Structures are given as C-alpha cells and as structure tokens.
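Going by the order they are written in, the chains are A, B and C; count residues from 1 in each one.
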Amino acid sequence: MNMKKRITEGIKNLCLSLVGFAVILLLWAFIVQYTDAGLLIPSPLGVAQRLIYVITHPIGKSYTLPMHLVISLRRVMTGYCLSIVAGVLLGVSMGRLEMIQAIFRPIFEIIRPIPGVAWIPMAIVWFGIGETAKVFIIFMGGFVNIVVNTFAGAQRVDEDLMNCARMLGANERQVFFRIVIPFCVPYIFSGLQVGLSTCWMAVLAAEMVAAKEGVGWIITAGQDIADMTQIFVGIIAIAVTGLALAAILRLAEQILCRWRVRGK
Amino acid sequence: MNEITSNKLVIECKDVSKAFFNREGDHPVVDNLSFSVYENEFVVLFGPGQCGKTTILNLITGLETVTTGRVTVNGEIVDGPSPKRGLVYQTTNLFMWYNVMKNVEFGPSVQGVPKKERRKRAQHYIDLVGLTGFEKTYPVKLSGGMQQRVGIARAYCNEPEIICMDEPFGHLDAQTRYLMEKEIERISGAEKRTVIFVTNNAEEAIYLADRIILLRNCPTSVKKEYCIDLPRPRDYTSAEFLALREEITNAMDKVI
Amino acid sequence: MNTYLKRKIKLKIISLISLCVFILLWYLATAILELVPSYSLPSPVKILNTFIEKLTIKSPEGATLPQHIWASAKVAAYGFLLGAVFGLPLGILMGWNTKVDKIIRPVFDFLKPIPPIALIPVMIVFFGIGTKSKAVVVFFSTIIPCIVNAYSGIKQTSQIHLWVSQTFGASRLQQLFTVALPSSLPMIFAGLRVAVGSSWMALVAAELLGATRGIGYMISTARNLLRSDIIIVGLLTLGVIGIFITLIFDLLEKLIVRGGK
C-alpha cells in the first residue's frame, strides 16, 4: 500500500514538473517572439536544435559537447578527490588532536574566507594556464568546505561512545577507525556536497578565464563570437551535469548513511 | 537466608572518597563509602536523585579514579576501564552505524576473537535478550526497549567479570520499564553474573535485588543495607513487597 | 581549573608561534634565500609595502585599494539586499502556501541548477561590463539560497506549536508571524550566510571576467602585469573582508535569533 501511494505521488509530482517545465518553455518562446529582450535571446527551439547538433559535431574548431564535458569532469574529479583526501585528513586531525588544531587553525582561518575563484590569477602566475592551475583552483574550492565540515564532525564525537568502546576492550586505533570515523561520515558528506558544487563552479570560472576546452570555455567562446545560442547550450550542459553529479552524491550518501534513516 | 551461592568477594569499595575540582573549588561527591559485593549477587544501589550513584559506578568501572580509598574487583585495584568490567548505559550508547549483530559482537571483535566463534557467542546473547531475527537491523529502527536489550546483550557478550547497569530503564515508558524489569530478572536468572544495578525507583530496586544498598544524599555514603530474600519472581503487590517499599522509601534521604 | 586554563593558554601561544613561524619561513624563502622568483611569490615585507602603497596610489590598475573595495562592496550589497528582499518573502510564501509553491516551483527548479557564474557572460551581453551585470549575478546567487532556506525553515515549523497557537484563536496570518517566522529564523540566517558566500564568489568571478573596478578586477589585472604582490594583497583583503562579514552575521544572529533550535 505504501509503495503504491509513493509511486502515485511520484508520478503526480513528475507530471506537475513537466507541466511547469512546458509553461516555462512557452514563456521563453513568447519572450523571444514578442519582446525587445527577445531579440538577444535565442528561441527554445533554436537552443534545442543546436544542443542536438553539438552532441555529434565539434563546436567551432574544437571538440563535440560530450568531449568538452568529459574534459571538465576529469578536471573536477581530480581536484575534488584531492581536496577530499586532504580535507578529511586535515579536518579529522584538527578535530581530534588539539596540537594540530593549535598549529594549523590560524592559517586555515585566513585562507577560509577566500573564494576558490579568487585563486585563479594566483594559480595562473604559479602554474601557467595548463591543467595544474585548474586542478589547483578546483582543489581550493572544495578543500575549505570539506575541512570545515569534517572538523565540525570530528570535534563532536561523543566521548561516551569512545569510552564505551574502550570499556569493551578497543585500543585507541580501533576507537579511531570504528567509532570516530563512522561518526564523522555524515558530516563529511555535508562537506562533500557543498564542496562538489563549489568545485563545479570553480572549474567553470577557471575555464572561462583561461582554457581552450571544457564546458566553461564553450560559454566564453560563445560570448567572444556573440553567439547567444552557444552560450545557452553551454549553460544547459552545465546545469544538467551539475544536477547529475549532485544526484549521484546523494545516492552515495543514502547508501553509506543507511543507519540514519528512520524507517518507522 | 541469603541467596548468595558462594562467599567469594568480588567487588570491594573501601573508604572511597571522590571529589571533583573546578574553578569554584572542590565538590565532594562520594565521602567515605564502603561496601562489598559477592559473586553472582544482584546488588542495587538505591538513593535519591543526583546523589552520586553514577559516580560510584564510574569508580567501579574505572572511568573515574578515586580521590582517596580503594576499589578492587577480584582482588585487582581498579585504575582504568577494562573489558573485565562491563557497563550498560542509560542512553544505550549503541554504535548507530553497526547493526545489532555487529554491536553485540563488538567486544569480542576488537579483542581478536575469530569470526565464527564470536558470531556464535553474539547469537547466544541476542537470543537471550529476545532479539532473535533482528540481527541485521540498524539501531535507529529499534524501539527504546529493544535498543536497551542490545546494550545489555553487548555488555554480556564481552563476558566480563562484573556488569554495572546505570539506570538502564530510566528513559523508557512505564510499561516498557515493567517489561524490561521482568526481562532482566529472566536474563540474570539464566546467566549468572555479578551485577551492580543503579536506580532511583524503589519498586524496581526491590523487584530485582538480592541486596539493596541505600545511599545518602550527596556527598554520598552507605546509609543502610537491606537483604531481600523474597522468593522470585516477586510480586509487586504482595504484603511483604509493599512493606519493604514503604520502609525503604521512608528511610531514604529527601531529595534536596 | 588551573591546569585547564594553563592548557588553553599554552595552545593559544602555540597558535601565535605557528603563525609567526609561517611568516618567518615565508620571509626566509623569498627575501633571504630567494628560492622562488619574486614575481611568483614576493616576500611578506614587499606585500606589506604594496599594501600600504595601494591604500593611496592608483597605479598600476587605475584605482586605490579602498576604491576597489568600495566598488565591489557596493555591487555586492546592492545585489545581496535585492536578492534577500525578493528571495526571503518568496521562500516564506512558498513554504506557507501550497498553491504558491506549486506555481513557482517549476520556475525555481529550472533556475536553481544553473550556477550563477555561468550566467555572467549572458549578463555581460545584456548589460555590458558595468555594475549592473554584476549586480544581477549577485542577485541570482543570493535569491536561490534565500528561497531554499526560507522554504525549509517554514516547512519545519513544529506542527505542535502551530496547533497551540490555533487553540488560542490565531488566524492563519497570525500563525505565520508569531510561530512560523520566529522558528525559521535560524534557517533563514543559515541561508543568508550561504548566500553571502556564493554571491561573493560569483562577484569575484564576474570581476575577473569583465570589469573596470573591484577587487577581482585588481587581482586579474595584477596577474597580467605579473604583480604577485598585488594579487596577494587582494587575496588577503578578501580574506579579511570575509572574516569581517562572518563576525557581523554572528552578531546579528545573536541579537535577532533568540533561542533558535
């Protein structure tokens, strides 16, 4: 009974979303046809056509859309994974070891408010306009958020839980890996989600400023040749990919944090 | 007269005092406390709220150290937590990311007991507390009473020399509490262990105890000891039960 | 107690020492040992000098540091306030009234996944590289988290509290103002903080891509001139401003949000 109700709920919501979506498309087409601003904006049909075209044909002298996506994704994943490793390490050690917190926190607090994209010029000076610069920028985008969230979790580990484990015979290493780390996992995931969206934005900005390929480049290239349709195609590709990445992460969280779900 | 099957001294608190220090000064919580617990006895520490019962348990399990005096378990001075002294908490403190089986077998698991053996052992205790079939469930899906059973199974599965229980049913509703009291009765009948049980509920104390140690208000020490030799399982409404209850409740210090 | 305080002081001293050691090593590596070229990583002394210089001198990018800060801050404040003024009531309305929710939802779901940074070129085409295009980008960056958090805040109003107010005869509107809004303030504040973060990031990105003033512009031009000292001054300025904003929010939150959950 419950499943059936949920499926009908889901279908109802989907229909509503599709109706809403259709309304937006109609509104868009209307603006294009009948208003001044519409002279600048491409029509939904035009964008859709170009979108399909670019999936198989190269954009200008470069790659096809999927190729660009792959390039951007590869950069993001590299920087993101690096930031996860470094971020979790620093966050957990700062949270559990007071000495480490005392040493690293001041420097971290100064770096923390600097937005990831602000590092772009510095990265270019240091690393040129190659891949390293972009990975660095992406890294900085995610690193800060992951550290902050992991640190919050590591600090909050219940002392009682750890004592309980010790009383059952666990040594410090076991307490760390079987109590502290699982406890922090939900917090780490919050950090991962924020980190993913900042990394994604960082890669866009980096590609818009200094790149010859990637979805961010598609937009700036469109701007350079005053091709609004291309810009829109780029925006749609970015939005959809961003959504897909977030959905995948949420799925991972649901699997790894099963133990938090209230079934009753 | 007593239900004690042997006279072996297991726990001894001798002239124990404990004070906590903070910015405002010393706070004595335990003052010259002495009592003994014998093998397989079910002893209940009973007293007014906030009198220091939990502190006494912490001293016995080693989570706190004495300021003066000495606590020994089986002749060994207590100076830190050890798997030989188990504890069941009021707030269960279950590991939420492990299912029931993994929680219960945690003790043997961290001490290196091979998988087959510890699974068998854990299963025995899961069956004992009446949770057969829930081995793969996560604690978040269990009711309060069931979670507490997991906590009890986990403590027992480690097969410690003594088991301490700190108001384990304090957070449960009245009906579940009665149910759990009967369960503890059954469990400690089936698996004989030396148990120290803390409560501030007189009925619970009289229902479960071989011996009740009545405590004073903070700073606490032993006010009186009662040997309960009513036949088991006990009847909450029998004349002797009610008489005892009145006697002990009257003897108890009023809560400040 | 005594040892507790002693330990806290010891840790604070270690923090201070670590900071000094960091600056010292930096100075050693750059000014004394010259491990890296100075255009890449200037010494802390040079950075300090540049900072003092930029307070009053307009070259090399055409404005002093305070002028840049003011330019960025103006745009940020403008876009942020507009975004909050529109976003918060909208989110509250969507959370409170299911009809409004159903109407606005599709528009919102359509716009939400678009990173504001991606919209920068569109805005530049529409409004040029002046302040208007950036303000619109900041507006978008702000409005989305405001709507999301205001919506969540209203949605998680305790049903029990609402029932209690109903038994006292509160109308729907009164319930909104006396129960739902106060209890969603913590979430709203969290949304505002997120909005500040993401709009600040969008603003800097926008200035990197096309501007004549602003901290992002300063950093970008400095890069072209290989003046790393100005870049670092810019980064540190961003850092300090960020800390400043966080402090203000903390203060506001303490004053306005009383007893949040």
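Note that in this section contacts are C-beta pairs under 8 Å (C-beta built on N, C-alpha and C of every residue); 3 or more make two chains touch, one makes a residue touch a chain.
Quantities reported herein were computed from a predicted structural model and do not represent experimental measurements.
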Quick one: name the chains whose C-beta contact count is the highest of any pair. A-C
Of all chains, the one whose CA centroid lies most distant from that of chain B is C
Just give me the whole-number Å value for how far the CA centre of chain A lies from that of chain C. 18
Roughly how far is chain B from chain C, centre to centre by C-alpha average, rounded to an integer in Å? 52
Whole-angstrom distance, CA centroid of chain A to CA centroid of chain B, is 49
Across the complex, what residues on chain A touch chain B? 158, 160-161, 163-171, 174, 178-179, 182-183, 185, 258-264
Residues of chain A that touch chain C when the two form their complex: 16-17, 19-21, 23-24, 37, 40, 98-99, 101-107, 109-122, 124-126, 197-198, 200-201, 204-205, 208-209, 216, 219-220, 222-223, 226, 228, 231-232, 234-235, 238-240, 242-243
Going by the contact rule at the top, pick out the chain C residues touching chain A in the complex. 7, 11-12, 14-16, 18-19, 22, 39-41, 102, 105-107, 109-110, 113-115, 117-122, 124-126, 197, 200-201, 204-205, 208-209, 216, 219-220, 222-223, 226, 228, 231-232, 234-236, 238-243, 245-246
Residue numbers on chain B that touch chain A, as the complex places them: 61-63, 81-83, 85-87, 89, 91, 93, 95-98, 106-107, 110-111, 138-141, 154, 158
